[in-house]
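Below are two complexes that have subunit A in common, paired first with subunit B and then with subunit C.
For the complex of A and B:
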């Protein structure tokens, strides 16, 4: 099978639009709300989830035929937990600032529904390479929403982007935008725009 | 021969091997990254102490060099004694408390009179970004502590330093907007820890 055959391309592009993990499947919402009050943690979180989803997918796909059916969820969890721990340790050793900023949310990637969803739905039935593409696609789809919402909330909440002040509003802090509730409303708006303009029901 | 992947023996052997592999892998990663992580944590503490002395935005090497030059740790009092470049002596008190979601901590730098605050730096484990986390991220808010008094009077009778909503006077700092619980926690940490751990030090 060619590296970028039609199916493989679909494995990568579907989660970006037609089968988007947040916009269509509405998975992984909790962490999307929690880390998006500023842009930088949102970007790092998106990256971390992309890396972990991709590699968890590959590992599960490689050992998929040996996994006993009755404990497959446990096996998946062990693989994800191991990967998350490794990523969190690496972040702590090499980009300490960012790991401090993300604090508990790196650990909470373990409970991200997107991961378990992809492992169950895709990696258990497919070969490693398509699984890898599927993982990367889903990770990027997730990161995309985090970045949109993060940028919006940081800009309208405190007038800055990535920590650089763009509008000077030191005494005026739009607390409404930095509250987690606003993230839910924003994600709702993004879903609405997506359904109206980009997503056609089959 | 096809393995019966649903037999009990297979499941037990499979899970044992899997767990062993993962355990060794994690132990190996943790061991090999530990020195680097410890160095990061130490450097981070040094930077926090320098932040409380209003020496902010230093690069890693600068921070370490400056720290080695001006700060020494007094173990008996649990206080960092700092001699600034102009000869002034400041004391940095490490404080710890409980925030909204996890621990919070503070380095409080006081002048030689052990009453006027020279600078402050706050840190937290898991406060909400943009709200409670402002105690760490918002340098302007931390700057509000400069010049505040710890005690209400010159005789150092009553400890008065606190954080309160919409109050801004000699001993009180205005709370962070949208972070009432964290601000109250900061106030409580300052009051409790100064009373419990540093009363003798501050009064002498």
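For the complex of A and C:
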């Protein structure tokens, strides 16, 4: 079996456009909106979700034949919770300031619907390697939106990107962009653009 | 008492689960198509919150914290423990409701099992865990089981309020002329954004 056969490629590229977790399947919205007031936490969060989705997919896919059907949700939750605990400790050790900014939303990756959705829909039926690609694809799809919205909000709200001041706006402060309400409206606009130009109904 | 009342109103209006923290957004968007089902889900969420947050509070203070029965800081285990408690309690609540109140069970229907993965529940527990460490004089602080209960009730009511309002707006919105690519999900997001903006006028509310 080739490492990147047509099927595997689809598992990786579908979540980036046609099967996008946020824009099409409406999964994992909560954290996507909450962490995007600046670019840095958005990138870290996107990375954390990509890593967790990929490895949770692989682990569940390896043990998929031994999980009794009735308790599969609990098994999935435990695997995800363990991975999230590890990631949360790593974040606290290496990027403490970002982990403070993300606050409870790192813990909330456990209840991120993207994870549960991919585990249920993909990893339970597929071999580890395609599952890994699927997890990475979905994670990148999710990170993509976070980075777009995060960059937009930080640039127009504070005039900076990744903390570097680009426009000097000490006298002129656009606090509205950093408010939670704008995240919702921006994601709405991203969905609008996506549906209008990229997404074709089957 | 004063503290509890203040905490209650704050968790409904200022720290609203949907409009300030985006918790439980997935089911909020998926289920808010009409008022009736919205109310059902809101009730179920409030109910589960009322049970899980005080239980998680007790676990955090009596088992996981340094003063707990093990005498060491085990709070890194909180994710696994909280999610297990939530999944277990949702299962338990489902069985109890089914046995003793079939009418309520029929009304809540499929929503009960789905609540186990609703971020509002997990989020409330994690916020509660953060707030234990706050100074007791702050309005947000949660210092006792009663506070945890009040916080859970307020958050649940705030969530219910948000989803019912959204359901009502979406019922009316079916008759409006929305650009095609914006229909459905897009316009819903923008509506929630506008609602959140309106809710911002409550910030600074003090009782």
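Definition applied: the second predicted complex is superposed on the first by the 202 of 202 C-alpha atoms of A that agree within 3 Å, B and C clash if a C-alpha of one lies under 4 Å from a C-alpha of the other, contacts with A are read in each partner's own complex, and residues count from 1 in each chain.
Here is the rule we go by: a residue touches a chain if its C-beta (ideal position, glycine included) is under 8 Å from a C-beta of that chain, and two chains touch if they have at least 3 such contacts.
Keep in mind it's a predicted model, so treat the numbers as computed, not measured.
Residue contacts after overlaying the shared chain place A:62 against neither subunit B nor subunit C. Legend: residue contacts after superposition of the two complexes on their common chain; A:185 is shown touching subunit C, with no touch to subunit B. In the superposition on chain A, contact of A:104 is made with both subunit B and subunit C.
Judged by the touch definition given at the top, the superposed model places A:121 against neither subunit B nor subunit C. Of the two partner chains placed by the overlay, only subunit B lies in contact with A:175; subunit C stays clear of it. In the superposed pair of complexes, A:30 makes contact with subunit C only, with no contact to subunit B. Once the two complexes are laid over each other on the shared chain, residue contacts for A:78 go to subunit B and to subunit C alike. In the superposed model, A:94 lies in contact with subunit B only, and not with subunit C.
Contacts of A:196 after superposition: subunit C is touched, whereas subunit B is not reached.
Judged by the document's definition of touching, subunit A residues 74, 78, 82, 85, 89, 103-104, 179-180 lie at the interface with subunit B and also at the interface with subunit C. Every residue of subunit A that touches subunit C in the complex is listed here, in rising order: 23, 26-31, 33-34, 73-74, 77-78, 81-82, 84-85, 88-89, 103-104, 107-108, 110-113, 116, 179-185, 187-189, 191-193, 195-196. Listed in rising order, the residues of subunit C touching subunit A in the complex are 19-26, 29-30, 76-80, 83-84, 87, 116-119, 121-123, 126-127, 130, 179-182, 185-190, 192-194, 196-197, 200. Partner subunit A is touched in their complex by these residues of subunit B: 3, 5-6, 10-11, 14-15, 18-19, 22, 25-26, 29-30, 33, 36-37, 40-41, 43-44, 101-102, 125-126, 128-131, 140, 177-178. Remark: subunit A residues 35, 37-38, 41, 66-71, 74-75, 78-79, 82, 85-86, 89-90, 92-94, 96, 100-101, 103-104, 153, 157-158, 170, 173, 175, 178-180 touch subunit B in the complex.
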